[in-house]
Every structure is written in structure tokens, then in C-alpha cells.
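Both complexes shown next keep chain A, but they swap its partner, so chain B is in the first and chain C is in the second.
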Partner chain A sequence: MHLYILRRLLYTIPIIIGVSLVCFSFIHLAPGDPINSVLPEQASAEVVAQIKAAYGFDKPLPIQYLKWFSNVLSGDFGLSIMTRRPVLSEVGPAVAHTALLAVSATLLSFLLGTSLGLVAGMTTRRVTDRSVTAFSVVGISLPHYWLGMVMVVIFAVKMRMLPATGMGPAGADLTQFGIEDIKHLLLPAVTLAMIPTGIIARSVRATVAEVRRQDFVQTLKGKGLRRPRMFLHVIKNAAPPAIAIMGLQFAQLLGGSILVETVFSWPGTGFLLNAAISTRDLPLLQGTVIVLATFFVLTNVLVDIVQTLIDPRVRRA
Partner chain B sequence: MPRETTGQARAGRIVEVQDLSVRFVTRDADISVVQDVSFTLDAGEVLCLLGESGSGKSVTMRSLLGLLPPTARVGGRVMVSGHEVTRMTERQLESVRGPVAAMVFQEPMTAFDPVFTIGTQIAETIVSHEGISYRVARARVLELLELVQIPSAARRLDAYPHELSGGLRQRAMIALALSCSPALLLADEPTTALDATVQIQILLLLRQLQRDLGMATIFVTHDIGVACEIADRVAIMYAGRFVETGPIDTLISHPAHPYTIGLLSSTVHESSRGRPLAPIQGGPPDLADLPGGCGFAPRCVARTALCDQVRPTLIPFSTTRAAACHHPALETAPA
Partner chain C sequence: MPVSVSRRTLLASGAAASLVPGVARAEPRTLRIAMTMADIPLTTGQANQGSEGQRFMGVTVYDGMINFGLSRADIAAPLVPGLALSWEVDAATKTVWTFKLRPGVKFHDGSAFDADAVVWNLDKLIKRDAPHYDQAQATQGATYVATIASYRALDPTTVEITTHTPDAVFPYQVPYLYISSPARWKALGGDWNKFAQTPSGTGPWVLDSFTPRDRALLHRNASYWDTARIPKCERLVLLAMPDATTRVSALLSGQVNWIEAPPPDAVPQLKAAGMNITTNVYPHVWPYQLSTLPTSPFHDVRVRKAANLAIDRDGLVKLLGGLAVPARGMVQATHPWFGKPTFDIRYDPDQAKKLLREAGYGPDKRVQVKFLISTAGSGQMQPLPMNEFVQENLKDVGIDVSFDTMDWESLRARRRAGCEAPENKGADALNNSWSFPDPFNGLIGTSWSIKKPPKGVNWGSYNDPVADEIAAKAQAEFDTAKQNELLAQLHTRIVDQSMWVWVVHDLNPRAMAPNVKGFVSAQSWLQDLTPVSVE
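And then the complex of A and B:
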């Protein structure tokens, strides 16, 4: 078991290297010169060369990559071109802000999604089942930033119950968290939770329904097991695939949502990426992407491990 | 829990089935799969249900536990140890399944929940019915695993189903069925999915347990050799009906129904030695499109015009035997 976890962790190394390569090359293949945005209007060729050299942009790409990646490994993500501050000190708080939003949205969607999915999967009433499916489809297909804006109009503009944008005064500092912060969190978290709720409800429903069709359920019924205990069997069987879906949703939420964070002016990674892209701030862009990718990979490993703990059959592999 | 007993119920009578019929009704189909099935079974007796696959053996067995899907419409009356199963709610059935009647299923590979240990799955049954603690139940499970002769039983307690071979898993399934000391054991082709050598071991184990514990047992098989090993009485099923019933020895030596005769001469068993093998002509009937008369008529060698017009009912032709046929081979059957 420990060996399995270790192996799984070691596998992430090549994956992260691959991700870093891809993200580095894509960013550099994109048209436009990163230097342009910081250059004075009529910079001489010498000045351009000088600045390029200062950022290392004069070297061949493979060399640039190696230099960047080895720096990243030692914790040096370079300087943001726009703010001239270390990339890490920009990414750090943004990650914390996004994480706060992501965790809230995740909790919301796990709770709502699994409950709805379980009800739909366990019920024998067609109407209940159909309603949950309809709700999921709507949740998945509605553009969530649109819903976000609608909710801002209703709750912030019309009813004046909740703030329209921004984070609460405590930021991501949970020790200082108060009612104001929760108010700020509510709308973006609900908006962000929509799609995962739909996806989770739908897949939990499908998984539960499939588990209930398996032979062993007949054995459980045949031995006169009480309903709550039957429920436990179904849930434990449905858990691994459901957790996989939920982990994926969480990993995606952790990446931040450019649209939702922009709609709500939430200073997270999505917001930061948006800024980095529009200003072609290469070091910031690369740094943010590699941090997010690492989170994504690690979350997936975590999901794998949890699944393995639940399902004894996977353990052999 | 209702304990309705019938007026004429005798002591030692475990099963009484009267005019059992089962239909599966869906939006676009209504198929009768079991019809006019009646039989009784006393304590300690072994009845074998014999017939081709699709003849309704499993459905008959499941009706005894009320274990049919919601699409099933069950008619007639099923009494098991004084419980009228056909009239009980799902909730009431919970207390029948296990302590009154228990089932051994055909597929040991899929009959256990893959994510719980064997020990837990047997223990939870005992806990659920007897309200004892898991610790006490575990000791009982260990005894049960030893009873069904699982080697190094203590270690197998914490094994997951996939860690056991098919044979061991079927033994564990038997232990599960026995865990609440049922008055009636239902075994639905318990050896069909196993290797030949393992089949015999499981069969011998079941026979021994049945004799030691004195349970009434219904054993489903499509293998006459298996039936000979374990049965006291046999009921031959064809297209959802009993076509012939009787004690195993006379039924095998002097079959009366043409289907039974065909079944015997088409399979290898002890009394077929030296006789030529003659498979029954034609294929199993389509239950959705049965002929108006005798269901077996299209494949029958003794078929007459009467067979196509009037459906024969199960009529006793001796004290212990009955056949549903217009032209039973009575001259060969002893009175």
C-alpha cells in the first residue's frame, strides 16, 4: 500500500515535467513579443536587446526552458514583467483566494450533488428521478457567469442583501473570517458550484443505479438485510467512481475560473491569468500555469489513493 | 411479524405452494413465465427442480422468498413455515429471508459484495436478524466457515470475495445461507458455475449439511446426475409449468412424460449408461408465444390432435407421481 502511494507520487514527476514543457512551448509559440508591452515607444535596438538579455529572452528556447525550469525547481519563478515583483508573491495569495472559493464551491456541490444523485439513484419513483436529471442538465448547460450576473442583479442590486463583487476584509485568512466575508463568498461560490453540482448529481445517480443492478444486491436482499445497511453497501460501492468525478471537479475548481472571478472581481488565479494573458506577462503566466498544473496532478493522485483505500480490488494492481 | 398459519397445515410442513403464477409486465410486454405451480415440502425433504434454462426454475425459487423485481405479478399462494410470503410487505419479508428461508445463488463470483470482507457479509446477516454484537457474530461466522470446510477459516474471515476461488466463495455463500439456521434452504444451480471437480465437492457438502441439519431443501439444477445425488423428489419444469413430479428413483427409472423421457435420454447419467443419447428435437419454447394446447407439443414424439387443443393438467397416476400429459408412458411406470 505504501509502495503504491510512493509509486503514484513518483509518477507525478514526469507528468509535471511534461506539463511544464507543454505550457512553456505553447506560451512561446503564441504570437506577440512579451517585451513590447514594457518597452518605451521608440526604444532603440540596443535597449531592446538589453532588456531581452535581462529577461533571458535572447537565448534559444530550449536553453530558456531549462533555465526557467531549474529556477522553478529551486523556488525561483522569476519576476513579473508588469509588477516587477517575484511571480511567487503574486501567485501565492491568488492561489489562496481561489482555493477558498474552490473549497466552498466544492463543499456546496458535493453536498447538493451527492444528495440529489443518491435520492435519484435510490428512488423507485420516476418523477423524482426525472426531476433530478432535469435539474442536472440545466445546471450543466446554463452559462454560469450568466447565472452569476443574474444573481448579482437580484441579490446585490435589487434586494441589496449581498455585495456584488470582491472579497471580504479577511481575504483568505480563515482565522479572521466573519459574516462580511461569508456574504462576499456566497454568490461566487454558488455560481461556481452549479456545474459541478449537476455533473456530480448525474454521475452519482448513474453509479448508484448501476450498483443497484448488480447481482450482490439480490444476495443482500435475499438475506433480509435492513434498508440502512443495504444503503451502506450501495454507497461503499458507488463511492470510488463518485470520488473520482468529485476529485476531478475539485481539481478543476482549484484552477480558478477566469469568467466567474472576473464577473465577481475575485482576486484569484483566474483573475491573475486573465491579467497575465492580456499583458503578455510571460513569467507570471508560466508561473501561474505550472503551479495550477501541479495542484491538478496532485489532487488526482490524492483521489486515486482515496479510491484505493475504499476499493480492495484496486489495491492489487 | 404475522404468523398466519393455514388451517390444514401439518406439523413439519415447510413449504406449501398453491397455483403459483408469475407474469412479468412491462409497458410493451406481458409474459407469463410460471403457471399453475403447486407443491409441498416437509422438513428434511429435498426437492429438485429440473428443466432447461428459461423454464422458470429461478423465478419459482425467488417467489418463495418474495425476491422478484417490481415488474413481476405474482398469483396464487406461497406459504413458507407458516408465513404467507405472497401477501407480505417488503418490510415483513426481511425477517423471513435468512432465518426462515435462505438462498444459495448460482454465481459465486458476483453474489458477494466486492468491497466488504466475507466475514463482515456473513456477520452482518446474523447481527441484523439476532441483534447480537459484531464481536459475537464473528465467532459464529468462524464456526460457520469451519462447518462448510473452508481451510484456514480464521484467515478467510478477513478475505475479500476476489481473494477466494470460485469453490471457496460458493462455500462461503453456503455458510451465509446457513448463518441464521433457516428451515428452508434454496439452492439455485449452486454448482453450475464451478469446475467439474469442485462441483462434486460442493454437491457432497450440501448433501451432508442438509442431512446433518435436517433442512427442507429445494435444489435447482438442469443436470439429472446432480438431482440423483441429492433429491428425494423431483419436479420437471417445462415452459413455466410442472410437467412431471415424483420420487427421484421411480421417476428416473420409469419416466412418464415425453419431455422427461427426452430429457433422460439426452443427458449422460447413471441409468442412461448403455442407451443411445437422443437429444430432444427443436429448441426451448418462446414464452411470449406458447401454443394453446400442451406447451411441449411442438417438440413431442407422442403428439396428437388433442395435444394441440387441450392443455393437459398435472394429474396423479399413482400415490406419489403425477404427469401433465395426454399420453403418459404409464405402461412403463410402476403403480
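And then the complex of A and C:
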């Protein structure tokens, strides 16, 4: 088991290096310069050269990359071009804000998606199954952006029940969390939960339906096992693939949603990435991507480990 | 960790309560503004993020030695004394400026403002070996200090600044040089990141705290040196909301009581909900900067004039929900620099076709041009539908336009390179909104042939000896009235020569809740929040 975990962790290293390299290359392939956004409107060639040198963008690209990556390994993610604040101090709070949103959306989507999927899977080809399938398709198909705006119009503008934008006064500090914070959280969390709910519901439904068709279930039924006991056996066998899907969804939610966070002015990683992309803030963009990639990869490793604990067949595979 | 993210402070201040619906009305003296920026601008003095950054984190927390007068809506914002009571140039050299400073001014931290503080602030932007030299601020201030050769304090209330060459437009750069507190910087161990958390200027607002990409909380400076401009509101909350629809929702739901740049299609809805829309002209024009190289059809003045006559500006204004006015030149007709152009920029497609025929074009030989445009950007208004509208207009008279569409930063880089740069080969025009707050950026730098990039902002390599002569005179004329006369002559010339295609002037729209009173929409990119009250 320990060897398995170690191996999984070692796999993460080349993945993260690859992500950083691809991110760095793509940014430099785009037209324009990383310092464009901070250059004064009428900057002379002298001023441009001076600023380039100050930010280290006058060096060849491989040197820039190696210097940046070696600094990252020592915990120095550099300074944001736009704000001159350390990248880690920008990414840290943003990750906390997104994590709050992601965990809330994940809990919502897990509870709702799993419940709906189980109901549908246990009642295949009936009205409940078809209703859940229709709901899932709608959930997956609705654009986040549109749904968020519609909910804002209904619940914030028309009914004035919930705030339209922003985080609550406690931010990501759970010790200060109150009713106003929950109010701020509701609309973006529900918006963000819609797609994963649909995906999880469909996956759980498919897995449960498949497990129910397997021989051992028929045997259990033939032996006269009561329905609740049989349900437990079905769940146990359906859990690993469902957990894998959930893990992926959680990792994606943790990456932040540029659109949802922009619609709700939620100061998370999606909002941060949006700002970094539009201003070509190279260190901030690279730092955010590398942190998110690490989270994504580690979440997947964690899911793999949990799957292995639940079902040893996964490890053998 | 350089940034204070104290939401407890926010709770304690009560401002948080004003950020949620239902509670907003309990805090009547808090002005809550949704900005279009995605982040809070730099708080250390030289704000970033362009004019909006300076509007909300420059002139609020800081002053320049010279300020823009923002109290009137009916005139272009003039230069007025700020931290300097007066300024004059040495009559003999025309390069040595003497600023007499306002005595008795205090920074927010209680320390005194004096000539040493001015020198210290110039050092932070210019003197690279100074301990407090700040690259972030130097980057933002580079344009404004480029003309400065040296500076010194003559006595506690007198500063002398020498420019490299006689530069009559230097005073227009001074408002953008914001004065931070040396005492606060020293007290914080000489750390600009710490200074950013608790900055200290002399301005009418004091920054309490901010959360990056979320909000900034300010309170009024009750002991502001200009007693007529002590803010009416007790608190100011600035919220980062780059999405226009989000801003509209925030206003309609009562979460904020002021939004910047409402989208035109939301204006009827906002009005129906009782919101006030404020508009006014300001130094902004939405133009096409034309390449006048021999390889471009716009080398011919008749084609340039035809393009100007082909555009149905009234139709375009309608498309924009009335949030713009047709342009008749670089500046508005009421501006002191407008002059008396004989070429009347209007919608006259027949005349446009006639001019094109005279230039050798017709149905068998249509004008083929390529425009560089952006998908969005500061001051770019609604670039895609507007460009498509103009494209149809030009097509109707025989000018076929193809677009090279790019993001805002790429467009700015292409502008900075000039039309002669290899990357701009084949580009005939560039659609980059333009600001004319001062004579250089507005008229001199755009029309003078020696000001091609990188020396200036003459993107299209416009080369007109008559304009050159007037531009040179205007640059060297230190009498404001005489300089204005020369600038009017220059404007007359460039309109008569159709240097650019000028399309519309933006109207600087803002939407406000009905209980927001006292705002005067100045003809400026900057605005004064001090007279605003929330009843």
C-alpha cells in the first residue's frame, strides 16, 4: 500500500513540470508582451526597455523559465507584475475563497447527485428515473453564466432575498461565518453545483443500474435478501466509480470557475485567473496554474487512494 | 503577507452591514461604488489600471502638486492648485519650474507635507538607487516624469524642477504625480508592501483596508486641507466588478448605490427602476487612427475625408442607447481647442462617393483596407458591434474593411509600435480609443511628424509641415491663452486634413440610486467623490 501511494505521488512530479512548461510556453506564444499591461500609455522605447529589464523579461525564454521554476522549488513564486505583491499571497486567499465555494458546491452536488442517481438507478425505466435523467441533462446543459444571471435576477433583483455579488463579511474565515455569509454563498454555490449534480446523478444512476444487473445481485435476490440489505451491497459495489467521478468534479470545482466567479464577483482563483489572463500577469498566471495543477493532481491521488481502500481490486489493476 | 484582508475590521466598521440587501439603507452615509476593474488598484500612490485606477485610488487618497478642477460640468477640467499654491517657469531658460507649496498640509498619519516630501516622492519614481525607489510606482509614473531632468528643494515650501527641454505642457503631467507620506513609509520599516496596507497621502479619503479583487474600504479625511472638499459621505466602499451585468444586478438589488459604465442596453431598465444615469462629455474620442504611409489608401486625403463622411454617427449613437455623441474632430465642438475647421464631419455618403471617384476609386476598384480592432478594453466602448456598424457604412460608399481582431493588450502593443513596425505591415487603421486630457497626448504628440513611435504617439506617421509648425509653436508656448489659440489652429488643420476618422465621443455614463445626490460629472477621466451624499 505504501509503495502504491509513493508511486502515485512520484507520478505527480513530471505532470506538474509538464503543466508549468505548457503554461509558460502558451503564454509566450500569445502576441504582445507580459509587461504590456503595466506600461504607461505613451511609454517610450527607453522606458519599455528599462521596465523589461527590471522584470527580467529581457532574458532568453529558457533562462526565464529555469529561473522561475528553480525559485518555485524554493517556495518563491515571484511577484505579480500588476500589483508587485508576492504571488503566493495573491493565490493563497483566492484558493481559500474558491475552496469555500467548491466545498459548498461539492457537498450540494454530492448529496443531490448521489440521491437522485440512486433513486434513478433503483427505479430504471420508471417515471422517477426518466425525471432524474431529464433533470441531469438539463443540469449539464445549462450554461453556468446564464443560470447565475437568471438566479441573480430572480433572487437578488426581483425578490431581494439574497445579495447579487461578492463574499460575505467573514470571507473564508469559518470562525466568523454567519447568516450573511451563507446568504452570499447560496447563489454561486447552487450555480456551481448544477453541472456536477447532473454528472454525478447520471454516473451514479448508470453504475447502480449496472451493478443491479450483475449475477451476485440476482443471487442475493434469489436468496430472499431484504431490499435494504441488498441496497447496501449495490451501493458498496457502485461506490468506487462514483467516488472517482466525484473526485474529478471536486478537483475541477477547486480550480475555480472563471465565469461563475466573474458573474458573482467572487474573489477566488477563477476571478484571479481572469484578471491575470487579461493583464498578461505572467508570474501570477504561472503561479496560480501551478498551485491549481498541484491541487488537481493531489486530489486525484487522494481519490485513487480512497478507491483503493474501498476496493482492493483497483490497486491490483 | 503583504495585504491586510481584515474582514473583521469591515464588520466592526459597520460597512459590512451596508453591503447586504436590506441593511444598506441603515448606513445612509456610505457610498458604495461598483468599479469596472477586476482588482483594487495599487494603493501606494501611483495607481495602476489606467484612468479608473487613478479615479478611485489616486485622487481619493492622494493629491498632486497640481490637481484637476473637477467641480464643474460645463467646462473642460482645468488645472488648479493642489499641494502647490502656484507654479511658474523661468522666463530665461523656460526649463526651470518653481513650485510654491501649500503650508500647513498634513498627511493622513499626521506628518507634515513639505518640499522634502516632494523630492522624496520624485526619488521614489526616478532615482533608482534611492532606498525607497519603487519599481511598481516608477512603472506607472514613467511617462509623467520623462521630461524631468533634475529637482531640488529650495526651502521647506519651494521646489524647483528642471525639464530636459522647454516643455510648456509639463504642468499637465504634474497632477498624475501623487504624493505619498515619507514618514509612514519609514515608520513601516521602509516596506512598500506594508505601506500598501495602510497608505498615507494628503487626499480627502483615507484607506482603511482592502481585499484584493474584492473591495476597498475608505473613510473621509475630516481634516482635509481643502475644507470645501471634505467628503459629505462618511465611508466609501469600492467594489471590483468587471462584469457589466453583475454591476447592474448589484445596483438593482441595492447592494451598491453607484455603478460605473452601465451597458447601453441596461439603461432603460435602470431608468425604469428609478436609477439616475449621469453623462457628460470628457476628453475621450472613439477614432480610427489612420496610416498615412504611401502604401495605404489613407495616404490620400480624399479617401480619409470620404471615410469620415461615410459614417452615420447618429445611427451609431442610437445603437449605443444615446450614451455617446457624434464626433466632429478630436475634441468636442465646445472645447477651447476645437478651432474653426472648414471640413464639416457629417454623414454624407454621396459626397464620400464623389471624393472616392476623384481619388480614382469606383465600383470596379473599391478601396481595400485592414483595420486593427480589439474585442474589449478601457474606453473601447462596444468595439465589436460598433466596428461592424462602421464596416457596413464604409462598404456602402465603396470601402471594404477587413478586421484583424485581437485582445486589448495586443492592440495597445501594436499601437505603441507605430504603423511602420513590421508587425503592422498591411494595417491601414487602428481602432484605439483616445484620451486628450493634455495638449501633448491630444494634439501635439498625435500630429507632429517627429513624434512617431517610439518618440511619441503619432501612430500613422502623419506628416504635414503645416501641422508640424503649429505643433512646435504650441509645445513652446507657455502662455495658456496663446497656447490654446495655437492648439485650436492645430485642431483646425488636422480636421481639415482628416488626419484620423473620428467617430463618437463617449459620454462617461454612470448609474446611481435615487438617494445619491450632489455628483457633478466633470469633463475628465477623473471625478470628485467628495460632494456626493447618500440620503
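The rule is simple: the second predicted complex is superposed on the first by the 307 of 317 C-alpha atoms of A that agree within 3 Å, B and C clash if a C-alpha of one lies under 4 Å from a C-alpha of the other, contacts with A are read in each partner's own complex, and residues count from 1 in each chain.
The rule is short, and it goes like this: a residue touches a chain if its C-beta (ideal position, glycine included) is under 8 Å from a C-beta of that chain, and two chains touch if they have at least 3 such contacts.
Computed from a predicted structure; not experimentally measured.
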- Message: Do chain B and chain C fit side by side on chain A in the superposed arrangement, or is it a clash?
- Response: fit
- Determine, under the contact definition given at the top, whether A:M149 touches first (chain B), second (chain C), both, or neither. second
- Task: Tell me which of chain B and chain C touches more residues of chain A.
- Result: C
- If you stack the two complexes on chain A, which partner ends up touching A:R126: first (chain B), second (chain C), both, or neither? neither
- Item | Touched partner set for A:P267, first chain B, second chain C, both or neither | second
- Of the partners chain B and chain C, which touch A:R213 in the superposed model: first, second, both, neither? neither
- Task: Please indicate which partner A:H2 is in contact with in the superposed arrangement: first for chain B, second for chain C, both, or neither.
- Result: neither
- Go through the superposed model and pick first if A:K236 touches only chain B, second if only chain C, both, or neither. first
- Note on the structure: To the nearest 10 degrees, chain B and chain C lie apart, as seen from the C-alpha centre of chain A, by 160
- Would you sort A:M167 into first (chain B), second (chain C), both or neither based on which partner it touches? second
- Item | Nearest-approach distance, in Å, of chain C Cα atoms to those of chain B in the combined model | 48
- Please give the residue numbers of chain A that touch chain B in the complex, ascending. 124, 214-216, 218-226, 229, 233, 236-237, 310-313, 316
- Query: Touching chain A in the complex: which residues of chain B?
  - Reply: 65, 67, 70, 93-99, 102-103, 105, 107, 110-116, 124-125, 128-129, 160, 162, 173, 176-177, 179-180
- Report the residues of chain A in contact with chain C in the complex, numbered from low to high. 30-33, 36-48, 50-51, 54-55, 82-86, 89-90, 92-94, 149, 152-153, 156-157, 160-171, 173, 176, 180, 183-184, 262-265, 267, 271-272, 274-275, 278-280
- Item | Residue numbers on chain C that touch chain A, as the complex places them | 1-3, 5, 7-8, 10-11, 16, 19-22, 38-39, 42, 48-50, 134-136, 139-144, 146, 192-193, 196, 211-215, 239-243, 245-246, 249-250, 252-255, 406-410, 412-413, 416, 423, 435, 441, 445, 454-457
